[in-house]
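All chains are identified by letter, namely A, B, C and D, in their written order; residue positions are counted from 1 within each chain.
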C-alpha cells in the first residue's frame, strides 16, 4: 500500500493534533499510523503521521503546497515524503565486518529500505564483502598526514553520490566537525559501549577493568563533540566475572549489530526527531 | 495538575482522530498525552486522550454530555473520567505474600493510585500484612464442599465494597465463570508462567522438566476459560541448568511481582483496552 | 594457547571432581576452565575441563588411554579432544537467509570455529550466498512424492562429507525419525517461537492472535518428536499491540539469529550435555 | 540438608582444584555445588565449595583446623562456615522505602537468610515499617554540623549489634572513609544509575537530560572513593522519549529493588569475592 509520511516538530500549543489530523482528513487521507509527543518540559511538539496515499485527493506536491502555510504558521520543521522513496545511505567501515555484514544482510532481505550507492573503507579489507553485493567500494586511507585531504575527498564522494545519510559501521576514525555539522542529524554512529559509560577509546577493556555486569552498545548521531550526540537506541547484554576482554568483544558485537540496525531503520523510516540533544523515536 | 481521561474504542473510519481531537480542542482542552491505534487487521480504532482539566470550558458532566452524541454516532465504547478518581480494588490472596507485599508497598508509596477497601484470603495467613496497613481482611475459606457458598459470599463482598477491579495476587482458586463474566475485563490475574507455555498447574515444575532457558510470568484478565484471557503484560528471566525447581520459584517471584504491578497500574490508569482476545496497552 | 577439552557425564558419587582434577594434575595439566554440575534430582554428574595442552606430560592419544580405565570405572560417557580440531558442520536451509547469513558471518570472522563442507537447500535460492564463501551448495528438493529419496540422498551426503553436526537454519522440512536418531544430539534446530509455546507451524501468527507481549526463538536438538528436543538456548523480545504479524516476523528474526548462533557455538565448543530431555550448558 | 561452605582465593597454580576437592573427599565430604574461577589475567584463583555436612568425618572446628595448613601453604584467604549460620545485617535508610520494603519482604519470606538486629534512619520516617516487623529502629540524624558525631554513634551501634554486613538501602549520606575501610567488602550500596554512567548525585535527572534509552541501578561495595567500589550486580530497563524524570524514578525503583536484593543475597550466601576492584560472583 502506497504511504505518505508527514513528520513535524514545532512549539507546542492547544489544538495542534486537531490541526494536523484535520488537515489530513480535509484531503480525504486515511491515517494508518499516528505518533505524537508533546514534551511537557521543553514545551515542544513532535508528530509523525502515515497516510494511505490512495485516499488523498492530491499528489505529493499538492499536499506539500497545501501544508506549507500550516507549517509556516506553526513555525514547524516538517517533511512530507513518499514512504517508498529510498534514502541514499553511504556506509563507512574500517576492518571489523560484523556491523557491515549485518546491515548488508538486512538490506538485501528488504528489512532496511535504502539505496547504498557507496561503501568507503579506510582499509581495503572489506572490499570483497561489498563488491559481491554489487555495491561500489572506495578505499580512502586516513593517516595523520593525509587526514584533511582524505576527508575532503570523502566529502566530495558524499556529494557525488548525493548521500542522504552516512552510517559509521565501526568506522574507527573521528569525522571533522565541519562534516558533522554539514550532515547534522544524518550521520549515524555505533559506539561500542553503553554511553555515557566508557565514551572514547577501548570501551570493552575499560568495562572489563571496571568490572561491570552489563555491557552494551549505543547508536547515536555524530556531533562535533565525540560520543555526545543524541542517542537513538541502545542494547545491553549481561556479563560475568569469567568473561575476559575478548569475550566482551564477542558479546558486544551482538549489541552493536542490533542497536545499529534498529537505529538505522528508525532513521530511514523517518521515525527519529531531535530536540535539545535528546531524540524522540517513534518505534515500530 | 488535574487531568481528564477520554478512552474510546470503535470501528475504524477516516477522520476519527481529527474528530476526537477536534472535539477536545473545541472545548479548549489542552492535550497532555495522546495514544491511538488503528488495528489494520480488525479495522478497529482505539484511543486514550489525557486533557488538562483546567483548560476545559466545561466540567466532567458537561463534557460527557457533549461527547455522548459523538460516541453514539461512532458506535463507540467510551469513558470520560477524572484521573484523580480512585478505582476500588479488591485483592484476593492465598498463602504466598510476595505479590501482595509488592502491591501494598507500591500502593503505600503512591505508585498505584487506588482505594483498597478489602483483601480476601482463602487462608487466614496474610491477615497481619493487610491489617497493619489499615485495610480490612476477610478470611473466606474455599473447600470443595463450600465452594459455591464461598464465591457467593465473595460476590456479595465485592458488591458491598463496590469493587471496580479484582486482583488475584497468587490466589490459588479458580473463579466461577459467572463471576468472570460479571467482572469482565476487571479481574486481573498473575499466572506464574510465560503463557501460553505451561498453562494450568505447577508451571515451574513443568518448566524445569522441559528444560526451558527462560521462565516468566503473565498478567492477564481472567476469563471463564482458564489462563486464556487477554494478556496485559509479561516478564521473563533467564535460567540455567543448575536452577532447580525451587530456584525457579524464587526467580519467578520477581517476574510475578513486576508483571502484576505493571498490569494493575495500566488498568488503574485506563491504559488497557480489549478487543478480540488481545489487549491494547498504551504504556507509560 | 593449545587446549585440551575433557567432557564427561556419569552417575554422581562422592569424590568425582577430586578424581578428575587429580587425574589432570597427575599428568601435570594446568586447568584453564572448569565447569561441573551435580544434578541433585537425577543424581547425575557433568563436567567439562579445559587443560593447557603444553603442560600435559603426554599427547592426546596417551591421555585418552590413561583416562579410559577411569571413565570405565565411573561408567561415564566422555570425550577428550584437541580444542583446535574443527567439527564438520552441514547447514540445511530453505528460502529464509537471515540465519544462514548470520552463521556464515560469524564463521568467516572466526567466532564460530568449524569446517563447513556443505550447505544443502530444499530450494536453490540461497546458492549464491553460499558459493561466494567458497562453500559447496547442494540443491535437494523435497516434495511429498520424493521425500524418502531426498532424505536418503541427504543422508549419503552427510556421510560423504563426514558431518559431525547438522544445523537446520530455518530449514522448513521435518527430518525423518531415523535421521534424528542416527545424529542424536547432533542436529541443531532453530524454532521460531519461545517453546513450548507455539510448537508446530506458524508460531508468529499464533503469537499475534494470542496477544503475547514477548515473542522468542528456541535453539534445540532435533528429536523424532517435533519441537520436543532438549533446549540449548532461547531468546525473547518484547512486542506491543501495534506489532502485526509481519513485525513479529521481523523482530523474531533477531531472536532466531542470536539463539541459533549461541546454540551452535556452545555445541561446537563441547559445552552442551544432554540428560533426560534437558540440556546442561556450560556457557562462556 | 545441613551444608558447609568453603570459600577461598589465592594465587593460581597447577593442581589447586585437585588439592581442594581432594581435601574435601579425604574427609568424606560430598560436594553439592562447586564454583571455581582461575583468572587468566591476574593469575588468581577463586573457589566456593558447598559440602553436605552430614557426610563429613569431622565437625566445623575440626574441618577448619585440618584446612589451616593447606590454606597457609596456598597463601589463601579462606573461610569455612555453616551455611545455616545467619549473618547480622544492619540496614541504613533515609526516606525512600521501596528498597527497605523489598528487603524486609524477602527476609520475612526466608528468601534472604540473615539476622536484622537494627535498622538506622537519618530520618525517622520509616520507623513504623521497621518496628512492625519486630526490628529495632534507631533514628540518627546526620547534619553538616553533627556528621562526625553521628557516624561515631553509628559505628558504636554497628559494634554493639555485632554487624557482619551493612546495607545502604537508598541511604542518602556518604559514609566516612574510615568506616568504609573498617567494613571493607561488607558495606553494600545501591546506586540509582547504571554505573559508571551518572556516578554522583541526581542520576535520573542526568539520564533524562542525556537522553539514554536504558536506565539502571548498580549494587556495589562501598569504598572511600564514591561510587567506585566493586560492582556486585546491575539491572537495566528500557526507557523512551516520553518517560520524564519522574517516570525514570518510578522505573528505576524496580531496577534498584532487584539489583540490591540479588547483591545482598549473593553476599549473605558467601557467593561474592573481590579482587583488584572487580568482583567474582558465583551466582545461583
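In the analysis below, a contact is a pair of C-beta atoms (placed from the backbone, for glycine too) under 8 Å apart; a residue touches a chain by one contact, two chains touch by 3 or more.
Just so you know, these numbers come straight off a predicted model, no measurement behind them.
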{"item": "Fraction-based call for chain D against chain C, same above half, different below", "value": "same"}
{"item": "Rotation, 0 to 180 degrees and nearest 5, that superposes chain A on copy chain C via CA atoms", "value": "180"}
{"item": "Distance between chain centroids, defined by C-alpha means - chain B, chain D (Å)", "value": "35"}
{"item": "Chain B and chain C, separation of their C-alpha mean positions in angstrom", "value": "41"}
{"item": "In chain D, residues with contacts to at least two other chains", "value": "33, 40, 242"}
{"item": "Chain B - residues contacting chain D, complex", "value": "33, 97-98, 101-102, 105, 108-109, 111, 132, 242-243, 247, 250, 253-254, 258, 284"}
{"item": "Chain D-facing residues of chain C, complex", "value": "14-18, 21-22, 24-25, 28-34, 36, 38, 40, 55, 238"}
{"item": "Chain B-touching residues of chain C, taken from the complex the two chains share", "value": "37, 39-41, 194-198, 209-214, 216, 230-234, 236, 240-242, 244, 277-281, 283"}
